[in-house]
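Following this line, the structures themselves.
Shared between the two complexes below is chain A, which has chain B as its partner in the first and chain C in the second.
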Partner chain A sequence: MQAQPLLAVRGLHSFYGESHVLHGVDLTIQPGQALSLMGRNGMGKTTTLKSLLGLLQPRSGSVEFLGRDVGKLPTWKRMREGIAYVPEGRGMFHNLTVKEHLQMAARPGIGGKLEWDYDRVLATFPRLAERLTNLGTQLSGGEQQMLAIGRALLTNPELLILDEATEGLAPLIRKEIWEVIAHVRASGISTLIVDKNIEVLKNLCDRHVVLVKGQVVFDGDTQDLQDNLSQIECWLSV
Partner chain B sequence: MTYFFGKKTEQLFIWLFFPLALLLPLFLEQNEFYVNKLTSVVIFAIFVMSLDYLVGRCGMITLGHSMFYGLGGYLFILIAPEFEAVNFWVYTFYICVLAAAIALVVGVIVLRTSGVYMIMITLAIAQMCFYFFSDSVEFGGNDGLFILMKPDTSLFGLAFFNLDDPLHFYYFCLLSLFNCLVFWKLVTGSRFGRIMEAVKDNPQRTTALGYNVFLFRLLSYVMASALAAYAGYLFALQYGFVNPSMMSWQTSGSALVMSILGGMGSLYGAILGTVVYEGLHYSLEHLTEHWLLLMGCLIIAMVMLFKAGIAGFLENLLERRK
Partner chain C sequence: MDFAIFLVQLLNGLQYGLLLFLIASGLTLVFGVMGILNLAHGSMYMIGAYLMWYFVQLTDSFVLAALLSAVIALLLGVVIEKTLINRLYRRNHLDQVLLTIGMIFVFNAMQSLLWGDDPLGVAVPGWLSGSISLTELVEYPVYRIFVALLCLLLAAGLYLVINRTRLGMLVRAGESNREMVECLGIDINRLYTIVFGAGVMLAALAGVVSAPMASIVPGMGEHVLISCFVVVVIGGMGSIKGAFVAALMVGIVDTFAAVLLPQLSSMIVYILMAVILIIKPQGLFSS
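Up next, the complex of A and B:
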């Protein structure tokens, strides 16, 4: 018998005005699993995330987290259930320093879980420790991404969602960010990673989903991905 | 002191303004008019600071804040017995709690909107309140109501000051202003304050961190409204009456100008803005009958010159952000 999924999204239909963007998206993440969500620009990856977080209200479909229907809950309550979101573009607050970003986000997870605290985040991201008094917007792109991930980890989540975590970063910084994500993944937190870098994702994630025009066209494990690599690369290429 | 006031400019302001404000009445003691004038500036600064927190720190632009300023005075007259000197401290507590309760109800309605719609709805609610008190004979209409017995200020049998002595009252209001400044600095320096900064910058992003943005905004609105009512209560005690003009939109508008002039969100800038605005008001009205024209020109010049207000100008001058 399969364990209860951590996150189960079924039949998600979302619209922007009259524009039908998601056409019945299904996603499942098991506890401890890492899932990659891939697709070209405009295929509905960020819309899927926004819909499952409640930032965009889907017209139909269900979202279950830890077996509980969270589809009707407001965003902040869904996040309190144990979801952390690192948005595309890092989402720095213009008027807060690095230290203030971390302090304002820190809270225990569900059941009082306190695996990640301020010191552990600074130990994981030593560069942030050197920049504590800088405003978040005064950091480099890579440092901002580290801060965004650190901020999300301080909520002690069950599921970490990363949207285009390496977008717009230099190759060396990308490598550093992927190493950080691998470190987080190794700590046992389930992750949902939205990105286009198939080479990294196939080593980092257990399952892979590909979206094309708001529909899931591939859902399989790393072996399935390897077996269908040419077709998937075709879906991901411009 | 540095724990509360981290910036050099803030510290300089505290060390210059408050000692000066403490000493000034000693030179004006013979002239009660000036002491009363200073007292009303100090009281209004408490009100402006509460609006400054809402607008500058929470991003909630309201033109209805004067409603709570007026209610502070009206609530005292309505709940206190007419011919009995009630306890000042107890009624301060009652008024703040009642104003907070009213703000809770109003906030639930008002905070469902934002931006220009929030300005409209706060203005509409405050104007409804203004006309209600203006048109009600039982509340004294446009003339308002008078306080027949001033409260007794004793605490545990000890009277620290006399409300009928203008100098005593001035010093008490100055202490209140300092306490309010410390209170707002504590709020803005706390985790709650950081979250409010985040809410102001990007509410959706703050929601995605698991915070109930509506609740945080509501709590801020309630705190600011309670302190606005406290300022209104002090005003009513100073002059011995309340009237609906206290809750007119012009009162909110003037406070907003003072907050912008001082440097929105800086808190101590609200005091600077109030002092400069009231100082100009007093000086110019004695010069010409068209003083408002001059005042307008000066405010335009200052806003153009000091883009982040007087506090922002001073901070640029005295310290640079890392």
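Up next, the complex of A and C:
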């Protein structure tokens, strides 16, 4: 018997005005699992994330987190249930220093969980420790990504959602970010990763979902992904 | 102008500037953090003064009346935010202007209904009356020094809250990226209520401490609102530091102009604003 899913998204239909963007998207993440969400630009990946976080209200569909219907909750309450989000663009605050970014976000997770604290984040991202008094927007792209991930971890989440975690970063920095995400994964936090790097994702994640025009066209484990690699690469290529 | 008169005018200018800051800080915070253009902000100054008059009559105590006025203003701010302002967050500035102008009419009508249209006054409390000698011939009222020091204390408190506390970090973060604040599990609406309530309370406190210095008259809020907008625009919309510097500039320039250039005094702060906007179109400390 399968355990209760951490996140269960069913039949999401989302619109931007009259434009129908998501056509019944389903996603399930089990506790401890890492799921990759792939697709070309404009296929609905970010819209899926925004819909499940409540940043965009879907017209139909349900979102359950740890068995609880969170679909009607405002965004901040959903996050309090144990979700952390690293958005595309990193969501830096232009008027807060690195230290303040971390301090303002820090809180215990559900049940008072306090696995990640300020010191652990700085130990994981030593480069941030050197830039504590800099404004978040003064950091390089890679450092900003580290700060965004560190800030998200300080909310002690059950599920970490990363949207385009390595977009626009230099290959070396990208490698560093993937190592950090692997470290986070190993710590037991479930992850939902939106990215286009299939080579990394197939090793990092347990399950993989591919979106094409707002519909799930593939949902399987890494073996399934390997078996259908050419078709999936076709869906992902421009 | 001899030194003694210069000193008096400088103190008057500083004290007026600090009072303006107290009102303008709420206006600029509400705009910077919540994106709300609150034209009814001056009414809160007026309400503070009228509440002060009312509670002084009721309690015969300056301190108690001031505290009661501040608490009621805070509650009023919370109620206004929860019932009216929170309907404006997803609306444009025109809607905000229409609603908050409407609020001015409502507050003025309520003031007329509750307290009448005759000018009212509050006496300076005994322990703050009297003057101190600046020179052999020139004295300065203790109450005005008290007001300046109180405003400075409140400005320092506001600075500490904004720059040294988690609440201040959240306020600044909300100013920068409100969606991201929500994504960190923070109730942005609660934050807005706190900011709006605090802004109303600061404006009302300015009215409270002004009550013994000037007549309490209908429409006193509109006049001060215009000066506050000048302060906010010069300082940079949303900037507390800018509001502080601009308020002192406006206070000093306005006070000295009244003495040195009385023909130009009604327009001098607007000339100052125009010059600053030509040099720095976003204001002195705009983010």
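Keep this in mind: the second predicted complex is superposed on the first by the 238 of 238 C-alpha atoms of A that agree within 3 Å, B and C clash if a C-alpha of one lies under 4 Å from a C-alpha of the other, contacts with A are read in each partner's own complex, and residues count from 1 in each chain.
Just so we're on the same page, a contact is a pair of C-beta atoms (placed from the backbone, for glycine too) under 8 Å apart; a residue touches a chain by one contact, two chains touch by 3 or more.
All values derive from a computational prediction rather than experimental measurement.
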item: Side-by-side fit of chain B and chain C on chain A, or clash; value: clash
item: Which superposed partner A:Q231 touches (first chain B, second chain C, both, neither); value: neither
item: Contacts of A:Q4 with chain B and chain C, given as first, second, both or neither; value: neither
item: Contacts of A:S60 with chain B and chain C, given as first, second, both or neither; value: neither
item: Touched partner set for A:R107, first chain B, second chain C, both or neither; value: both
item: Chain B versus chain C as contact partner of A:T133, first or second or both or neither; value: first
item: Which of chain B and chain C A:N203 touches, first, second, both or neither; value: neither
item: Chain B and chain C footprints on chain A, overlapping residues; value: 53, 55, 74-77, 79-80, 85, 87, 91, 93-96, 100, 103-105, 107, 151, 155
item: For the chain A and chain B complex, residues of the former touching the latter; value: 53, 55, 74-77, 79-80, 85, 87, 91, 93-96, 100, 103-105, 107, 133-135, 151, 155
item: Contact footprint of chain C on chain A as seen in their complex; value: 53, 55, 74-77, 79-80, 85, 87, 91-96, 100, 103-105, 107, 151, 155
item: Residues of chain B defined as touching chain A within the complex; value: 191, 194-195, 197-198, 200-202, 204-205, 207-213, 321-322
item: Residues on chain C engaged by chain A in the complex (per definition of touch); value: 166, 169-170, 172-173, 175-177, 179-180, 182-188, 287
